[in-house]
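In what comes next, chain A is part of two complexes: it sits with chain B in the first one and with chain C in the second one.
Now for the complex of A and B:
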């Protein structure tokens, strides 16, 4: 087992080195090509300069005193270059950025602003990848990348800078390979590790603008507070399933207490969501183009903020100045809604005159963002005799029908899978019945004998009465990782389904994840 | 989303993200007029538990405009949601 892991890891490393090697070779070829071009141009120039004026000088003779000087100058023609600052951009930059240079809202001045700008992208995942690609493509001078994760296979459907051969590499390194090959003119600065209260100030300080491409409530408040305290505009975006949100915050980035400054994240969402309601992309799911759209829009807003002193004033597009919350709902009509936001909240904890969030508090670590947003303690709702290991449950399944394996569990017990239906439909254990946890959660807590359901929707009670019918069979509850199943067991007992302790109801520890690891390696991992 | 016409005497309410998950619908129509201060109570009656699980951390808009209706001193408690208005419940989405 260990040796196959090593082999696999070595293969991956070789693959990723090969990618880097190919990238370097490409860069070398490009560098050689442009060097060759420069030589050609110089030769051409010196050939031209060699024809008339100097030849003319020679025919009229040169005073002996100046001869040596002239000869020295002539010898140096190879090195004489056009004045370095004749054009504000490099020759290749005019070509590379030509298509956006001729857009009136950018122009040369906008391009120079982008070139002189530095942007910090926090999180190089579903949002950060497309955002970084477009900002680097557009020629932002310096781009910093913050992330503490490594590339996983389940990232690749949406995190477009990473690649199959770079699975296992840190996201920051992987993104740098892709971004450097996209545009070697841009200076990339890696920041390995997650942003924390200890590192936030020093990391953000040197940048002009920040993109929040992270995935937790705690990091959203931390980044917003840091941007308010350091006076940086912030482009914040998020996405889950088929929805996205986008806001340009702290814009203009005036000091806390100045009501003319733009609102911050706390002005819009003063209270974090309850931690058990927060879904990650891993649990809730995410459609690639949805998060892609949001990341691309972040890059667009960043470009608008960085170049706002140019074209925007000439074409009267001033509406972008008032802060808004853009909502994207991929399956709705219309897909986009722009909600007008208020100015800074008069009592905002971060950006008002009464702010309690200060540089000292932040850098001393006295602001506990994780505590502020709350944490989900690992579910530990049941006692040991209400739980069973996957190994022991596997025995029960086999003992029920040791020979055929067909319908092994149906007669002896009931196996309830509480994953949502969409997940149950992907893969499930044979003989299991699906009672989605969302339905369990919404089942009103009526007492044993209550027959009248409150809102009359039959769906919720169906599963309860169905389980009540077979009151002699033990119930095993299972979910993806073993948390929802515990809560469901508790709920079932509250509903009296255990007949006052006569029927065994319990959860299968570690859920289908444990089942795959210990019992059936072929069971799909998604 | 709320492309259907709002019936007389109603306003439309849009549920985004976690609000949509909790109510199991993207939108619906509720009786108007309604004082903004009673919005959360009205929703709690329909969807027990929604205040604590969803509404407390939400942004609320009326006709695409952010309104502050949460808490004793909230700015827009006296606002009246009228027939035909569009209210949106917008929970923070944090993942990416």
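Now for the complex of A and C:
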């Protein structure tokens, strides 16, 4: 048994390495090709600049006194620096950026501003991938990438720079491969690891503009504070499920205390949200195009800020500069709504004259962003005898009872799965009943004082009376990872469903995740 | 002008976004008729509305996900007719007939 598993796993690893190898070979070929092209182009240019002035100058005649000097200079250009370009952009850049160059809000001047600009993208996930693709595509001269994660299969439906063969690679490396192949003209700077108070200043310092593509409140405050202190405009976005939000902050990026500067993240959200109100994409879910739209819009706002001094008379930049919050809601009509935002807050902790967030405080590490935003403590609601391991539950489920000799029976107990219905419908254990945690939480009378005295009607309490009917059977509760199930067990007991301790109600430790890892490897992981 | 029935209540639209709709039976848009004046006879303001929503529209018992320390919890933006409520006087803004008041929870995913 075990050896076939090992063989199968090795086969899979070899297959995945082969895919990765082929991908790398393809990328190498692409890189060599573009390198060759660049060399040829450069040769072509120096050949041209070597002959053109000669032909021109001699047809119009040159004073004899200057001839020797001209010859010497011309001879010199062969092995010294190539002469300054006749055109401000490289030949291939006119072709590559032609379609955006002829858009009046960009033009040559805008393209040169983009080429001279540097943008830091913090987070190379669902927002950062499309944002980076469009900024690199548009020819922003330097793009820095910050991320501490590696590519996972569950990222690929939305994180469009990564690929199946690069699962396991760091997100920064994976994105560099994709972005270099998209546009080798752009200088890419990797910053491995998460942004921290210790690294924030030195990382952000050399860039002109920052995109916040991260996914936690702590990083959002850190990035905003850093941008205020260093005077960088910040394009901040976020997304969850079918909703997205976008703000251009600290724009214009005037020093703290200057009320004409744009508001910062702390102006809009002086206090962080309670930790248990914060949902991640992993728990709440995310539709790929929703986060994609928001990342693309971040790239757009960045381009607008970086090129704002071009075509000023036509694009009405002044009005769009007033701070706003863009709300995207994929299933609403209209999908986009823009809200007027406040100016800088007179008492903002970061950007006001009374700011307590200072360069010294930040770089000394005295600002603890994780503590400021709080963390959700792992749920530890039950005692040891209220919990059962997946191994022991599997015995109850799959094996005969060693004492009575009776056949295993799914009817011997009640298995309650408290994941939301949409997850239960994806996959569930045979014989389990679904009581979504959101309904458990909404059930009135779970407080201690009302235990054993449930009144009221309606669907919310149906599950309670149903469980009460089979008061002899033990109840096992499980969920995705083993947190909601513990709280449910506690509430069931508060509702008196354990008949004052006569019926066993307990939680299956680690939930379906543990079940898949220890018992049934075929159970879907999502 | 004599007090007519229309003067007793005002009709407004309340909207929820960013996940807050889940606290309100998954309603994203809620047409509401609320008293024009509070118990003390003062004109209804946003503070009153927040309390009113908590007691009358919110089915979820987790009130702390909407209100904390007597006001909307941190991480919720209130937008009155498409503008940040801070531009309109925050809680003290007196609700007008036909107002659109949007409660947005910040998102953090990315």
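In the analysis below, the second predicted complex is superposed on the first by the 414 of 526 C-alpha atoms of A that agree within 3 Å, B and C clash if a C-alpha of one lies under 4 Å from a C-alpha of the other, contacts with A are read in each partner's own complex, and residues count from 1 in each chain.
In the analysis below, a residue touches a chain if its C-beta (ideal position, glycine included) is under 8 Å from a C-beta of that chain, and two chains touch if they have at least 3 such contacts.
Since the model is a prediction, treat every value here as computed from it, not as a measurement.
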Superposition on chain A - do chain B and chain C clash or fit: clash
Contacts of A:333 with chain B and chain C, given as first, second, both or neither: first
Chain B versus chain C as contact partner of A:523, first or second or both or neither: neither
Which of chain B and chain C A:273 touches, first, second, both or neither: both
Touching partner for A:125 - first (chain B), second (chain C), both, neither: both
Common interface residues of chain A - those touching chain B in one complex and chain C in the other: 123, 125-128, 213-217, 220, 237-241, 243-245, 268-269, 271-274, 277-281, 284, 286, 291, 325, 327, 329, 332, 337-342, 345, 438
Sites on chain A touched by chain C in the complex: 123, 125-128, 212-217, 220, 237-241, 243-245, 268-274, 277-281, 284, 286, 291, 325, 327, 329, 332, 337-342, 345, 438, 441-442, 444
Chain C residues within the chain A interface of the complex: 17-19, 22, 28, 59-62, 64-65, 68, 73-77, 79, 82-84, 86-87, 102, 104-110
Chain A partner contacts - residues on chain B that touch it in the complex: 1, 3, 16-18, 21, 26, 52-54, 56-57, 59, 61, 64-66, 68, 88, 90-96
Chain B-touching residues of chain A, taken from the complex the two chains share: 123, 125-128, 213-217, 220, 237-241, 243-245, 268-269, 271-274, 277-281, 284, 286, 291, 294-295, 325, 327, 329, 332-334, 337-342, 345, 438
